[in-house]
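Two complexes, one shared chain (chain A), two partners (chain B, chain C).
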Partner chain A sequence: MDPITAIMGLIIAGILIIVGVHLIPVGGAPAAMAMATGVGTGTVQLATGAGLTGLVSAGYMYHIAGVPLLYVLLSGGVGSMLMLGITMLVGNLIYIFGVGVPPVSAKVKYDPITRDRQDIYVSPGTEGHGLPTVSYVSGILGAFCGGVGGSLTYVTLHEIGLSIQLAAAIAIGFFLANAVIAAYNIAGTIEGFHDPKFKRLPRAIASGILVSGVISGIIIAAISFAGGVV
Partner chain B sequence: MTVAPSSGGVEAKQIRSDLIAALGILSIAPTYAATMSHYLAFLGGFGILLANLWGANSVRTVAKYGIGTGVPSIGMLGLGGSIIAVMAGLYFGHSLPLAAPLIAFVLALLVGFVIGFSARYILKMKIPVMVRCMVEICCAGSLLFFAHFATITGSIEITGVEELTRTGIIMLIFIIGALGILHPYNACLGADENQQRTLRLALVTGGTQFILAGITSILFLGSAAIITIVVGVLAWLVAFRAFVRKSFEDGIVCSTGLIPEVETK
Partner chain C sequence: MLDVSTGLGIVALMGAAATIAGAAEDLESDIGSQSNPNSQVQLAPQVGVLHRIFNKAISGEPPAYAFYSSIAATVAWILMTANVNVITSFVVGSFVAALFHGAYATTAYLGRLASQRRYGQPIYLDVIHNHLLGIMGHGFVATFCILVLSYTLWALLKHPFPFVMLAFIWGITIGAIGSSTGDVHYGSEREFQNQPFGAGLNAAYSGKIVTRAEIGTRSSIDNAWFCAKFGGPATGICFGLIIFLDNWRTVVFDPRMAVIVGFAIVAILIAINRALEVFARKTYGPYPEKVAMLGGGE
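The block that comes next holds the complex of A and B.
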């Protein structure tokens, strides 16, 4: 793989990761107390959990199944979707049957997908709770983007001549750097693509391009300097 | 027991960040010393302590502003950025292994600057120390990685590090390094947080890494690993005693959860 393609691949991967993180419904500490919509943990933990599961499933397809590149990326996306889907499903079960709150969004009056009324179900003093349909769908889409981004990073790094382990280690570092940049842009909680904070996405993409570009430039330069050896 | 009143309002004496940064950069000396002989590998542990101290202090400085995503994110970001710098540094320095930590340090500086710059000026985060602290955390992370390499394998050459990545130990270093840097402030934060207690906890997490590096080094160094483990346990004990004493002094620890008798009367 020539250096320019590799850098482009890594930048696209970085953008996919950033878009993915923006789509995942993150509630942070307030959601852990059922006081905000989303899964009750931080952006980085959720995105990393989903992204790394994608990396594992993509790695399996890439090295063992022997299928075209597109399938490898798709399997990364599907692995991520499964991981986040299960997390959100179990989270919803706990919110509904454990805490006893209906999944509801406080950012919109009607769910954009099901057209269900939202505002009357929001408990006073909270910003929604659980994962309504729109957040769930948004999360699944986000996990797909993150998973494809993570596996694209890994595949690109492996294609330019890094060993499996080294490519995985650097892919995790790359994933985290981009996921945290996106998390800073969100600053706490986001419900999904219907959240007003989603409009901040272009800024995160701009900084993602800068960070991914510099990081991939460093990696490619180092490998070319060492003569492509592993 | 009675609880001593906390210093409430009186600003505790601060250790200057520059001094801690200098100590952190000095961690490169024990790292080099550790590569001289397998029996000196334990010296790398002091590199771990110093680099960890620097990273934890920088996390404290930046996280005080409230970054909105929790303290853990910045530790992960720092180590995520520095692992890239470290690997690139190893490739650049493959013919001159002793230069690798210095090259990685410079690259970590660059990565940290780019991340800090984009967070401060593109994402417009209102944290004036963002750029400086991101640079510091990434640099501390790169030094921490090399201190671990030296302690565990007794060398900082790419062949030794390849062995660490092949066995997956690199991820252990990644996660204990990130936790070591982010945990002190994350555990101590609050209205009564003070630098001395946080930094003592940083030494405790550094000591834990020292011990874990010692246990891992059995695989590479054999019996010489025992020295690392013993020195690590001693370092941990000293730091932990200091941390617990400071916590009692600050009056944040009661021996029971009940309100002290003196105050209820």
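The block that comes next holds the complex of A and C.
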């Protein structure tokens, strides 16, 4: 793979990761007390958990199954979607049966997908709870983008000559770097694509292009000085 | 490549290990009060609620479990390369990780509570004595199962990533799952059992956690007893399902079909989630005070 294609691949992967993190509904610490809509954990941690599950799936497909690149990337996306889909579903089970609250958004009056009324189901003194359909679907899309982004990073790094171990380690670091940029932009909680904070996405993408470009430039330069293979 | 029946057996073993690991991880985070619900334990003395709950937010759960799993896997790998039996290597590796876990838990508890002296929160040495083995023991079980899972994936299913890196990745994943699912039961329900069932925590009650137990003063072991009824097993099932379904589709189907099956499972998950949402809305109904304030009707 030539250096320009590799840099472009990594930049596209970085953008996919940033878009994915913005789509994943995260309620942070307040969601753990059913005070905010979304999954009750941190943005970077959840996205990384999903992304790395996808990376394991993609790594298996890439090396063992010998399928075209498209299937490797799709498999990474599917692995991430499964991780986040099941996590959000079990989270909702606990909200509904363990806490006794319906999944509801506090950012919109009607769910954009199901058209269900939201505001009267938000318990007093909270900013929503659980994962309504719009947040769930947004999370699934986010996990897919994150999984494809993580897989594309790994495949690109391996194609330019890095060993399996090094490519996987750098892919994890690359994922975290982009996820942290997205988390700074989100600043705490986001419900999904219907959340007003989602409109901040372009500036995170701009930062991500810069960061991904610098990281990929350093990697390509290091490989060039090391004589082709690191 | 393995034949399907052998592959399915291996995937079932991985799913079982993941289920035990998930439940143990969540209960450990309840005994130690790690992760997001600990924000309320940390806040409690500042609003005048003194308590005997353990308090050890060493870090977020994903980096913490990535750390323990990596230590355990590294020690196990060193022993395995010295021709030590695999299971013995796992036991020793998990034990070393548990020692690190115990050291971090102790310093985190002492450090956090020492910083709350100005609010009159005492440091209870017996809380450390009573909880530490429970924390280390549950951490040991979770780490051991992650090693079993990672080794199975690496040695039997021939995953190309190194064993230690797989343990690191599953450590991050299990932490993310534990703090997303089981901890909600601890934070939303157990910490605030003095609030009515069927509502999120009103922001006005932040920090006012329950400090009385079923008998006597509440400890974090009481919290683990409560969460073992729902939050812990739910976390275990969650992680077990993820490991089982993700590997099942690649073992049973050819690679192209595995992707399509993955999309089909995701579609089913969305449908189940929607059915649950409709059930909850119909069963619980809207909040009367919100209907009075905002107007009812769909």
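Quick note on the criterion: the second predicted complex is superposed on the first by the 229 of 230 C-alpha atoms of A that agree within 3 Å, B and C clash if a C-alpha of one lies under 4 Å from a C-alpha of the other, contacts with A are read in each partner's own complex, and residues count from 1 in each chain.
Basically, contacts are C-beta pairs under 8 Å (C-beta built on N, C-alpha and C of every residue); 3 or more make two chains touch, one makes a residue touch a chain.
Keep in mind that what you see is a predicted model, and the values were worked out from it rather than measured.
With both structures placed on the common chain, the touch criterion links A:Leu210 to chain B but leaves chain C unconnected.
When both complexes are overlaid on chain A, the residue A:Leu69 reaches neither chain B nor chain C.
Contact with chain C, but none with chain B, is seen for A:Gly100 once the two complexes are overlaid on the shared chain.
Number of chain A residues touched is higher for C, counting chain B against chain C. When the two complexes are overlaid on their common chain A, residue A:Ser163 makes contact with chain B while staying clear of chain C. In the superposed model, A:Val39 lies in contact with chain C only, and not with chain B.
Touch criterion met: A:Ala177 reaches chain B, while chain C stays clear of it.
In the superposition on chain A, A:Val90 makes contact with chain C only, not with chain B.
Taken together, the two structures place residues 28-29, 42, 45, 48, 165, 169, 172 of chain A in contact with chain B in one case and with chain C in the other.
The touching residues of chain A, counted against chain C in their complex, run 28-29, 31-35, 39-42, 45-46, 48-50, 52-53, 55-57, 59-67, 71, 74-75, 78-79, 81-83, 85-103, 114, 116-117, 119-126, 128-133, 136-137, 140, 164-165, 168-169, 172.
On chain B, the positions that touch chain A within their shared complex are 67-70, 72-74, 76-77, 79-85, 87-89, 91-92, 94, 107, 110-111, 114-115, 117-119, 122-125, 162, 165-166, 168, 170-171, 174.
Residues of chain C touching chain A in their complex: 1, 35-37, 39-40, 60-63, 153, 157-162, 165-166, 168-169, 172-173, 175-177, 179-189, 191-192, 197-206, 230-231, 234-235, 237-238, 241-242, 245-246, 249-250, 255-256, 258-259, 262-263, 265-266, 269-270, 272-274, 276-277, 279-281, 284, 286-287, 289-291, 294, 296-298. Residues 28-29, 42-45, 48, 163, 165-166, 169-170, 172-177, 180-181, 183-188, 203-204, 206-207, 210-211, 214-215, 218-219, 221-223, 225-226, 229 of chain A are the ones that touch chain B when the two sit in their complex.
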